[in-house]
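Shared between the two complexes below is chain A, which has chain B as its partner in the first and chain C in the second.
And then the complex of A and B:
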């Protein structure tokens, strides 16, 4: 490379790498959706102090936040086949599993990681809504579930949105470790491209720009979402 | 008619209700007076199982409930026939005034949307809040929020409405508007009301019956004039003296 940061070369890198943005995005968004469902379930079990399951939820939240996400991905990738083999006692299930792409294991590992953080975010958000409103619902004969989903959750969501957005950006960057189990997403593709062309600086500059611009989009999206969810906090009437 | 018999309730080792029995005839207003910590809030909250009593029987019209052994179904039944007005209003913050009132009509009483709207607006009109029906609680003053809270309770046409110090969180200049509304509904709606309050004037003007509670027991019960003007019990006299001095 004689011309340092040659624009044409940068553009070529860009054109190659942008194809991997959807993979990174898909992994991040898919993981986020699964994490939210997992976290919501765990949060309700803990909030209602369901016997045993609530405690399991507590332990999960502790572990999920204590372990590096990379270890969770490795555990999912290497552990699940072994576990299934041990349970079924045959190789059949392992064969079945080999049909599953590594990206699914990456999503699982990242979900376990992100779900634990989200569960903590949700717990805090629920505490921000005063219990009097639940009592008001119960006092007129609503069920606990009605009170939770109609009154508490919509208000907690406003509180949680900025922190969830934060967690999502973390996750977006966190998808890069899926490379460790051979998932070729944005960072993985960048690594390959960089070493093939021996152009580390250029490739990583372009990669950084791609992560950055994606993040900006989501940050904007989150603030629009927060604005729309908080309609009842604004001091103008409908 | 609502009748409580021998209500007991302890928090840990402290007994807060020590066998409370009261009877409130249909369509009448009962005011409960008593010093702080005497168990007034706990009594109201045990009626609708927000704080289940350890022991006691409740008769609501013709139904008898064992408060310590009520099934989920019975609890729902009691709650659907009672309503509560809270000290801190407890309006649903994510709903407008109108939606707050409609909530129970649509979800609990399964009323049609249109019917519920008409009814909710009728009661918002009654409490003078119809011009603010599309406002969210943050956009309303405390007095306005409490009036919506009263409309929310009234609209359900409950057998009994429980008021727990409905004006004590309000700025002094807002107390009057809420008391006025309560007087008005006592007259016009023929609702059965149990009101915990420190507003002696309200008790004197509106109550059919005044109950004085202290230390988890009913000390004295009677017509407002008898209790407020010449109480028989020393403890009642002492409590009321604090108000006449003001």
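And then the complex of A and C:
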């Protein structure tokens, strides 16, 4: 390294690393979809106060928010093979698991982490929908399911969108932790590149810029989405 | 490997891991202290719209919020020695890693606290500032004596959340060579092949710490609220 922050070298790094942006995005989007489903399930269980499952949901949200995502990923990565061994009593299932790519474990760990946060967001959003709405639907003879999915959820979704976008941005940044269990996404690739070329400063500057620009794109997207979704709020407030 | 999950080993290794908790607490406290100072300075710069500086602060906050903590950590911990070397420092690797960690954590949390403080300073009634100015206070004393104490009281819940997230980010600092609970667990795990037990131990420690922080926040909130009610 004779030249400090050589622009040609920076461009080379950029060309190499931009190929890994889709992997990071895929991991983030996939995790987001799964954690939305998980959070929705947990929220409904807590909202309806289902006897035991609702309590389990409470405990899950408490733990999911109190644990660093790093530890959740490690628990998924090291814990599931042990769990399977305990259930089957042999080492065979662990052998089977070694065929699963580590990115699946990363997605699972991040899903558990994000799901807990989203469950709290959904709970807040549901509370912000007027109680009279549910009463009105039930009084006109809708079943609880119809009322929830047709009337309550669409309104709650509007409230939840800004916070969900925020959570997605957090998740996008959180995917960088996946490299700890040998997933080669943007940050993992950057690490390999940095130690191969012994050029830490340059590589991490480029990586930071890639993450930064991705975040800014999604921030803009979220604000457009929020503006469009809040149409009915703007109309009623006029 | 005899049993699949050894409860005994989990209990036995708990004190060893707990003895490393001081690093986690030290990093959290030190970086949160500097982050609050930095956050207040940035927030005041942006609110008072000091020319050019507020643009710099806006870009800084956007950068901190737009890039992962790990990237910032690596950028400073591995990139900084390179910069220091370029500017003629003899042996930048001799600086202990924990100092770099203090720097990164303060800068990172400072960016987030800046937004929290900006919100809560703006939430303080405008009349307070005007009243303070009208009785002849300078800008500095008006902020430190009137506006900031009120802003801090409003910011306590958000700052508590921030302390929790700082606490949780400390699980990542072992990546740059600081020996904390995570590093110790990794070392112990490579001897005993019992990673799961060790990480469950750490999870328990983190839950306790988060719980304590939340308890502290709630108590602080209650104290400040009582003071307020006696005044009014």
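Descriptive notes on the structure:
Keep this in mind: the second predicted complex is superposed on the first by the 235 of 238 C-alpha atoms of A that agree within 3 Å, B and C clash if a C-alpha of one lies under 4 Å from a C-alpha of the other, contacts with A are read in each partner's own complex, and residues count from 1 in each chain.
The criterion applied here is as follows: a contact is a pair of C-beta atoms (placed from the backbone, for glycine too) under 8 Å apart; a residue touches a chain by one contact, two chains touch by 3 or more.
The model shown is predicted, which means the values in this text are computed figures rather than measured ones.
In the superposition on chain A, contact is made by A:194 with chain C only, not with chain B.
In the superposition on chain A, A:82 makes contact with chain C only, while chain B stays out of contact range.
Of the two partner chains, chain B is the only one touched by A:138; chain C is not.
When both complexes are overlaid on chain A, the residue A:204 reaches chain C alone and has no touch with chain B. When both complexes are overlaid on chain A, the residue A:154 reaches chain B alone and has no touch with chain C. Legend: residue contacts after superposition of the two complexes on their common chain; A:173 is shown touching chain C, with no touch to chain B. Of the two partner chains, chain C is the only one that A:74 touches; chain B does not reach it. A count of residues in chain A touched by chain B and by chain C gives the higher number to C.
The touching residues of chain C, when paired with chain A in their complex, are 4-5, 62-63, 65-72, 74-75, 78-79, 82-83, 86, 164, 168-169, 171-172, 175, 182, 195-196, 199-200, 202-203, 206-207, 210-211. Across the interface of their complex, chain B is touched by residues 129-130, 132-133, 135-143, 146, 150-151, 154-155, 232-238 of chain A.
Chain B makes touch with chain A in their complex at residues 48, 50, 76-77, 79-80, 82-84, 86, 88, 90-96, 103-104, 107-108, 134-139, 152-153, 156. If you check the complex, the residues on chain A that touch chain C are 4, 63, 66-71, 74-75, 78-79, 82, 85-86, 169, 173-177, 179-180, 187, 190-191, 194, 200-201, 204-205, 207-208, 211-212, 215-216, 219.
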